[in-house]
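Alright, structures below, take your time with them.
The two complexes that follow have chain A in common; it is paired with chain B in the first and with chain C in the second.
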Partner chain A sequence: MTAMTAVQGEASGTGPFWRRPWRRPISQLTPVGQDERRPAGPRRSLRPWQRFRRAGWPYLFIAPFLVVFVAFSVYPMLFTLRLSFTRWHGTGLAQWVGLNNYAYLLTNPAFWASLKNSAALWLLVLPAQIVLALAIAVLLNNTALKLRGFYRVAAIVPFVTPLVAVAQIWVVLFDRDYGVINHILNLFGLPDVGWLVTSTWSKPTLALLFIWKTTGFIMIILLSGLQAIEPAFYEAATIDGAGRARQISAITLPLLRRTLMFAVVMQTLAVFQMFTEPYVVTEGGPYSSTTTAGLYLYNHINRADLGTGSANSFLLVIIMVGLSLVFVRLLRPKD
Partner chain B sequence: MEHTTAKRLASAAGLVLAFSLATACGPPVTSTSESDSPTTSARTNPNRLQAPTDDSPSGEIIIWDRSGDLYEVFDAAIGKFNQKYPNITVRHEAVDIASKLRNTLITGTDVPDGVFLDDAYVAGYKDYLWDLSDVLGPYIDHIAPQKIGVNTIDGGIYGVPYDLDPGLLYYNEVALAEAGIDPNSIETYDDLLEAASRYKQYRPSAQPIHLEQGAWLGQLQLEMYANQLNTSMADADGNLRLDSAEYLRILTWLDGVSQQGLGTRAEYLSPSDIGYLESRDEVFYPWAIWFDYGPQAQLPETSGEWRAMELPAWQAGGARGGAMGGSSFILPKEGANSQLSWLFYEFLMFDEVGYTAVYGPNDVYPGGTNTSIPSYGPAADPAKPLFEPFAGLGYQDLWSVAVAAGQRIPGGNPTPTWWDGAVEYLGNNVQRMLDGDMTPQEVIDQSTADIQSNLIDRQ
Partner chain C sequence: MAVISTTAARRRLASQVGSHLFLAAVTAAFLAPVIWALLSAFKQPVAIIQRPLDLFGSGFTLVNYVRMFQDVPIGQGFFNTAIVLVIKGAITMLGAPLAAYGFAKYTFPGKPILFGAVMVTLMLPVIVLIIPLLLEMKELGWVGTYQALILPGSVDAFAIFWMRQVIAAVPDELLDAGRIDGCSEPGVFWRIVLPAIRPGLAGLGVLTIMNIYNDFVWPVVVASSSKMATLQVVLSTLAQNIAGHRISADYASVTGELLAASSIALIPLLVLFILLQKHFINGILAGSVKG
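Showing the complex of A and B:
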């Protein structure tokens, strides 16, 4: 604050900027609260260079970020946007096709099927995961619980375990004929289930893998939100006779809305971009029933249909931004 | 007011800048489908690789192989190569080729000089690769026609053929003997159906014939059957030819196996598949030669019980050879030392010392690399086996069986550039048929329509 105030306050000073602000006596700095941009006295127009000296240096300080952002985010996005209007297979001239790629995707049942698959996975994952993560977070936020640190670490372990290794375990566990899960079902007289080889069960199996893998991460986010709630609220509620359930509904959930919103948006993005799980476990099958939006997009890229892949990317961006805005709207704190 | 105007001006400038950036980003664009490579005569075509003329070629080459057994095999052969070419340094890298090759070729950064690649993918990378017609010229007449066929696109040859993967009928000899079935009686696919039926009568729990449940491998196996009938999904001009009597016949037979309960629906050597194989419920496996890896490493209970024979014919006296899969080596045009990498592959594939190092006894396969046979005729000499019989197949002479089958594989069937993409349609539809959701004719009709509109028309 002090340094920034000094930079803004020395526009009419002399000498190189890096010598002045930090060397000026504190008494010469503009007091906080005073309008620093409009010093008393007649107003005079400044030359561009003077204006830059007055307001440009902060931009210089954020330039490193901007350079990286432009190089690795803006440029690729613009590249992709332009590519989405072409037919290009990665080499030679790209052919301008206008909105053809978008029209192709929007009229293609496979594109909509991939979105439906992702939407179904979202329904299977999100509600269950948020409830589960919240329950674990509330449990681990209880100061009376022993070994809390151990449990917190244990909960995050699946998230940091390499997915490809876990996926292979999933394949073995859920094998139709020789998997442990069906073996357990058989012990109770239940028939074998084609967990990974039928379009009915492949999505729930994949959703289970995703929940197991990422719930720890969501739990940590929610736990941080819980720890930001003042204990005094709970103490007051206890004094007023509120039970645990009432405290959760009247204090925890309302004060956790912002964190919940963040978790929901994050997981919505993650589910719609889900790629590795179906790629490794089911390869998108059976019958493309687990070809998620992310995997469908990859398939275009993998077969060098880069124009269609780029158009697919932008359609997903639009959908994701729309969904995120809806959740932000629905879950924003009422204050 | 002044402030608002400034903001508007800034916004407009931002839009102009974004638009300018957008038009500057990406590859050069044309409004037509014009080709960027003018027609040139064959001899002057700059896309054709020429062999180096140096007496003592030198330099470093980057060679990509997929990790696993073959990486180790090729790695062990580099020493022999360096005895012949001491001034060429081979940087041999184990790479996830499927995920890295496309991006590397598009960006042109750190492009390798040679890459091991499934034949099914070669056509899809054609625009990045050297046409090897000239350097392969002296060897072409001795290379299996099927391998030349799958590497030939628009008249150019884009891969150095590595292995030949003849389809074979693997069978559990011990289990069949117990059921009183003589495998030598199986000469046609109808005979195979009959033998499977008899085995099921002997062992009611059996589902004797493997029916692949993976869409990609299922399509590859379908192409093996089609190759036997000297056809493939597309002709040399890229036109679809699924709608044919040959494909209908194959699909009808597969559908029959499924409908009669004579097939095991499982993915290749998945836990389910291994379980059925080890319990002797699954005793017939029409597959590429590389199924022999199973009896060697993954089927301890039935190892030694398995044998291989040529595929049955589709009609009495018909062709019994068909290829399933296979790999080649591609040489990207952006590679820094493509000519030197050609020398590497020339040595490994066409020099006796080289192909003996690859297929002969090595640390990974002590009896020799037996999961395929060479596609180069002189290397696949029936009288000079490069790998030895092994316990998994009861010390059967697999070399003789495979070489004989390899010699009968029809050639001239190209792999279309969109082969991999067709799995989403044909591969999936075959699975639907095997699950009873489609008829053979529906598979053909639906797949033809989908491949045409989604893949061929969008090339």
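Showing the complex of A and C:
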């Protein structure tokens, strides 16, 4: 850190040294990205290996990612695309069926029901979670608050715990006959609720698990956004007589727009690919009420119906990319 | 003046008390399920069901742990998870910052397309790739092997995305200074960029450990045989056992085993988090708070 500031101080003290003509050799060492600064020079005369030394490094740095990306994302993706036009059950010859799989899915109520289940979970999760995370973050952003370190750590604990383990604890907690939650309700004279066995309560119970698990993470992201806001804005607003609520609506929320966008997009994608929670807690039931988009897709694999499953994958990708683009557009700062 | 300051002080006190009440309630909700599971795992199975809120009064027993170790290959699960954790973690910790450095500090032909690829991978649900990836593994003969658990997703897109933001905050002047002193491009990365982003790297490290340890969707598909099953996969088979036992009178003892298994899976990460909480939180914050 000290080295960094020292260099910065030196650079500002001597001015933009790379622009000075006598410093030309340095600019040749700077990466291609900063070539705009370099006046048109004898570029043609570079030998291929020299050109690689100047321009090849970034490709080399990105190569490991690229290898993994091509082998385990691009190739499977193209393979899925081809598979989605066939009927295939894992063995024997794949039979070309054109758009049949897509037509089958788009006219299948179970497919739409899985999307509807995910959308319902999104509605149950997102608004509640963002408000809760924002409330905690705003309170923890107050440096005068005692115990804020403890609160912050406690909020992250659920995020750190393994989802499978927590999902199992959820099964035990929300059991209709032996669960703790109903035990507590009974203490207050309230009747048992079939949290996991009625289609009314199965989605809220899963949504609660999701909110419990990830709110701390969202809170930390929002808190970082809050801490990036200059305290001077608030001081000026206080001098102008703006109250706490007005400060939040006029300063905090507009300046937090980018961070909020990031959080909303991330959570939307997470909800639409929710798989482990329904897989472990409810196995998609009761009456398919918790068969999310992700779990419905998995069920094709379970039945070895790979062609339909691939078509389903593609539809899901289109939906997710579409959703994130909508949110990015909606929450883009106006400037 | 004095009146005003006392009202202000009183209002400040009231808001402090309100903040604490709200935060204490939220904190209790966050911690209660975990604490309840950890403590209940040491109770007699029948007591877990009959007196779920009586955490200390019903005697201490290890019977749930003993039964769980007999019934479930949890040691094998831990071993497999450890192998995947070390190798996959190392690949992520080297590959992601390297790629992120390429994206953050260079302009080169094809960069928008390649970075677009990162973003697409970020948006792509794991589950979408599972069918073809599984077929690819079958083709390679890798089903139920460590490389199938390790290689897909080893240079993680989110890690690149995050590290790119962290590295972008390192001033260009610092890199130029290194070049003036004769550093090669990899040297700049190794000697200047990596040390400068150490807090971010620590955060990435903890997050990577957590993600690999908790990973479930891919392992359950590619390594469900008990010999290769990771800890989380072993755990989930236990959950399906409990679904089978739900009606039977044995519900209590299965619940006990389940809580013991969940606890033992929770503990390593909880300990790690409590020891390294500063790195974890600071790591996430590193992207926005500039030194």
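The criterion applied here is as follows: the second predicted complex is superposed on the first by the 270 of 335 C-alpha atoms of A that agree within 3 Å, B and C clash if a C-alpha of one lies under 4 Å from a C-alpha of the other, contacts with A are read in each partner's own complex, and residues count from 1 in each chain.
The rule is short, and it goes like this: a residue touches a chain if its C-beta (ideal position, glycine included) is under 8 Å from a C-beta of that chain, and two chains touch if they have at least 3 such contacts.
Everything numeric in this text was worked out from a predicted model, so none of it was measured.
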Tell me which partner A:F272 touches in the superposition: chain B (first), chain C (second), both or neither.
-> second
Where does A:L139 make contact in the superposed view: on chain B (first), on chain C (second), on both, or on neither?
-> second
With the two complexes superposed on chain A, say which partner A:I301 touches: chain B (first), chain C (second), both, or neither.
-> both
Would you check which partner chain A:Q168 touches, where first means chain B only, second means chain C only, and both and neither mean what they say?
-> second
Could you look at A:V280 and tell me whether it touches chain B, chain C, both or neither (first, second, both, neither)?
-> second
Given the superposition on chain A, which partner contacts more residues in chain A: chain B or chain C?
-> C
Identify the partner contact of A:A228: answer first if only chain B is touched, second if only chain C is, both if each is, neither if none is.
-> second
Tell me which partner A:R176 touches in the superposition: chain B (first), chain C (second), both or neither.
-> first
What is the contact status of A:T91 with respect to chain B (first) and chain C (second): first, second, both, or neither?
-> first
Examine A:Y75 and indicate which partner it touches, taking first as chain B and second as chain C; both and neither are also allowed.
-> both
Would you please give the residues of chain A that touch chain B in one complex and also touch chain C in the other complex?
-> 74-75, 79, 83, 90, 171-172, 178-179, 283, 301, 306
Where on chain A does chain B make contact in their complex?
-> 74-75, 78-79, 81-83, 86-96, 104, 108, 110, 171-172, 175-179, 197, 283, 285-288, 299, 301-306, 308
Along chain C, where are the residues that touch chain A in the complex?
-> 16, 19-20, 22-23, 26-27, 29-31, 33-34, 36-37, 49, 52-53, 91, 94-96, 98-99, 101-103, 105-108, 111, 114, 117-118, 120-121, 123-136, 151-155, 160, 170-174, 176-177, 179-180, 185-186, 189, 196, 210, 213-214, 216-217, 221, 231-232, 235-236, 238-239, 242-243, 251-252, 255, 258-259, 261-263, 265-266, 269-270, 273-274, 277, 280-281, 284-285, 287-289, 291
Any idea which chain A residues touch chain C in the complex?
-> 1, 3-4, 7-8, 11, 18, 26, 29-35, 55, 57-62, 64-66, 68-69, 71-77, 79-80, 83, 90, 132, 135-136, 139-140, 142, 144-147, 150-158, 160-173, 178-180, 183-184, 212, 216-217, 220-221, 223-225, 227-228, 259, 269, 272-273, 275-276, 279-280, 283, 294, 297-298, 300-301, 306, 309-310, 313-314, 316-317, 320-321, 324
Of all residues in chain B, which touch chain A in the complex?
-> 18, 21-23, 25-37, 98, 102, 105-106, 124, 127-128, 213-216, 265-266, 270-272, 274-276, 418, 420-421, 424, 428, 431-432, 454-455, 458-459
